[in-house]
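One chain, subunit A, links the two complexes that follow: it is found with subunit B in the first and with subunit C in the second.
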Partner chain A sequence: MEIRVSHQQGRVPVTVFHVKGEINTETHEQLQTQAEQVIQTGTRHLVLDLAEVPYVSSYGIRAISQIFTWLRDASPGESAETVSKGMRDGTFKSSHLKLVNPSHRVLAVLTTAGIDMFLEIHSDLEQAVASF
Partner chain B sequence: MNETELMISRVPLFASLPGGELEYLAATLRPLEVAPGTILFCEGDYGDRSYVIVAGQFEVIEAMGAADERLVGVRGPGEFIGEMSLLNLDGRRTATVRAASHARLLEMTRGEFDALLHRQPMMAYEMVQVLNARLDASHHNAIRDLEEKNRQLMQAYEELEAAQAQIIEKGKLEQELQVAHKIQMSILPRRLPNVKGFDFGARIRPMRAVGGDFFDFIPLDNGTIGIAVGDASGHGVPAALLMALTVTLLRAEACRDCSPGRVLAGVNRQLLNLNDEGMFVTILYGVLNCATHEFTYTRAGHELPVLCSADGQLNNPVSGRGQLLGLFADPMLDEQTVTLGPGSLLLVYTDGVIEARDEHAVAFGEERLREAVCTSHQLPAQLVCDRVLEQLTTYSGIDAQRDDITLVCVLAG
Partner chain C sequence: MVARSIQVSAQVSNLAVIRHFVDERATDLKANRKAIEDMLQAVEEAVANIIFHGYRYRPGNIEVEVWNEDDMLLVRLRDQAPPFDPTTFPPPDLTFPLEQRRLGGLGIHLIRKFTDRMIHRMTSEGGNELTLVKKIK
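Let's look at the complex of A and B:
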């Protein structure tokens, strides 16, 4: 798996991970590690561009969930109760992590796992950056 | 003094010879020239002549071509070679001599050598001194050789010991994994439910000795049965531990509540308290009412089941909302209900089934699974599971399994 990092300016500065290759048992740690590094150095708004990701395994789901949790923890203002209530009511979507361009197969995995219930999934990178 | 006499006089062994003797040797010894790599003579050959090196280098090699070939010395100008076979009783060469460079020599036959010693007895004394020095060097070489061999032997022994320890450790680990496999299998139901009007089947095949997949049939009150198929994230021992924990929690929660959604919410709460590793579980848990044939289920991040009616038609269950367990405090979970009419079949499975790949990395997929179910829906439930597993094995090969595989089939009579 390769991750190319770019930076875009919307209403807020946004870091984009252009991921190439499967996010699976072997590669999920690389995604987590790189995300952890950018969060530690100040990134608060992250887009995962999945256009070149043919498959996301359960380890990939775990990595995406972990990144969501790190970003949420790094951003004051969203209490655990607010997030929990929003998730329960189906009204919560992360304002720190967005996904873009998943293939049909990857989208199926994301929706089966319920990732789409708390992360916005966009079909256009510009739109995803602008949505923060 | 001509050039050959001068050359002979520079050989240390001959340096003290009188002028007449030098003149005689110059007239009788035959000069030789050899190219680099020339084998002058071989170890074990019968030798009837020795040589004085005038120019160039020669390697003295023992056991040449064998595994323990060794270079025992290098001889240069002024030294003689081949004298040992003239002194040995059996006349055999004690080593092979090979030219290391372009070289020039003077050749002396056994007869000439004997005559020279007879004429110049003091030379025998000098020769003994040289031979003694060579013997010393050879002795030291032999000891070094032995020490090196001893070191190699010790190293080989230590490597052997380490390898043996690894084998023992691996054996122990394999034994432990076999025990873990047995324990894990014993956690799963040993018997399929025996309920009038329904036929049940189940198959599980972990990718390794132990895995994260599970299924369960939980007898509940009022003619209902809890049916679960789950997948703890990851593979191997960590997944197996999470699986065991989840099965235990599920059984405890299922006996307290008849609502699948509330049962899984309860399991989720417990998992969050007990699991700090960010691992999660997907489960499809449902309650089958054997009287009404209704199956009410909650899908927590798990694949939708396949539902096939008696005439082989597929009915697509509603996806609903269902997040993974073990990650969030309040996952969105809802309940859906399907009715299993007479002859209809419900297949619940884990993602290892649809994610099995062929040699071109093409996934087995939901379409192939639905087709496999539809073409075997009139078989007994256990045979449906067996048939699907057989097709998966044919599709991807038994050695190419990438994930745990679990199938549970419910056939309504």
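Let's look at the complex of A and C:
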């Protein structure tokens, strides 16, 4: 798996991870580690571009969920309780992490895992960057 | 003709070996591409659970057998890990953030989603035999 990083400007600065390859049991830690690094150096708005990701396993889902948690914890005003309540109500979507262009197969895994319950999934990168 | 079964050590590095074997066998058996990809998704989840939760990183082997019966593709995974029946594992509450859910629940949930049936039995040696079934026609 490879991750190319770009920085784009919408209403806020947005870091984009262009991921190429599977996010699976073997590769998910690489995604987590790289996300942790950019969050530690100040990234607060991140887009995962999944256009070249053919496959995501449950460990890939865990990595995405961990990245969501880190970004949430780095942002005041979004407590775990607020998020949990919002997810149950169907009113919460992360304002820090968004996904773009998953394939049909990857989208099926994301929705089965309930990721779409708390992350926006866009079909256009520019639209995703502008949505923050 | 690809062999019907393989045995590998339960290591993360062998996930790709197992997936490749299942892919080749299922293709040989004329399963359609979507069914194969669904089965590969389920196999990775089941094997990861054996490695991390069954053997808990201790040495052990996994036997993988692939065959067809009528319009079904079957993959059987055998291990010598402590008995665990994933068919009895409850589905995760998706309204909980992932860090609050039980470990392994999501993998089993994906197995259920991408296969038509999951059958578990204990082997005579005290390990597990998990058979995944997917309709291919």
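Heads up, the rule we're going with is that the second predicted complex is superposed on the first by the 132 of 132 C-alpha atoms of A that agree within 3 Å, B and C clash if a C-alpha of one lies under 4 Å from a C-alpha of the other, contacts with A are read in each partner's own complex, and residues count from 1 in each chain.
Operating definition for what follows: contacts are C-beta pairs under 8 Å (C-beta built on N, C-alpha and C of every residue); 3 or more make two chains touch, one makes a residue touch a chain.
Just so it is clear, the model here is predicted, and its values are computed rather than measured.
A.B. asks: So, does A:S84 touch the first partner subunit B, the second partner subunit C, both, or neither?
C.D. replies: both
A.B. asks: Return first, second, both or neither, reflecting whether A:T33 touches subunit B, subunit C, both chains, or no partner chain.
C.D. replies: Touch status of A:T33: no partner.
A.B. asks: So in the superposed three-chain picture, is A:S6 touching just subunit B, just subunit C, both, or none of them (first/second/both/neither)?
C.D. replies: Neither partner.
A.B. asks: Touching A:S123, do we find subunit B (first), subunit C (second), both, or neither?
C.D. replies: neither
A.B. asks: Determine, under the contact definition given at the top, whether A:T25 touches first (subunit B), second (subunit C), both, or neither.
C.D. replies: both
A.B. asks: May I ask you to decide whether A:I61 touches subunit B, subunit C, both, or neither, giving the answer as first, second, both or neither?
C.D. replies: In the superposed model, A:I61 contacts both subunit B and subunit C.
A.B. asks: I'd like to check the shared interface: which positions of subunit A are touched by both subunit B and subunit C across the two complexes?
C.D. replies: 25, 57-59, 61-62, 65-66, 69, 80, 84, 87-88, 105, 112-114, 117-118
A.B. asks: Can you list the subunit A residues touching subunit B in their complex?
C.D. replies: Listed in rising order, the residues are 25, 57-59, 61-62, 65-66, 69, 80, 84-85, 87-88, 90, 105, 111-114, 117-118.
A.B. asks: If you look only at subunit A, which of its residues touch subunit C in the complex?
C.D. replies: 24-26, 55, 57-59, 61-62, 65-66, 68-69, 80, 83-84, 87-88, 105, 108-109, 112-114, 117-118
A.B. asks: Could you please specify the touching residues of subunit B with respect to subunit A in the complex?
C.D. replies: Those residues of subunit B that touch subunit A are 231, 233-235, 278-280, 282, 300-304, 319, 321-324, 327-332, 351, 355, 363, 403.
A.B. asks: Quick check on the complex: what are the subunit C residues that touch subunit A?
C.D. replies: 12-13, 15-16, 37, 41, 44-45, 48, 92, 94-100, 106-107, 109-110, 113
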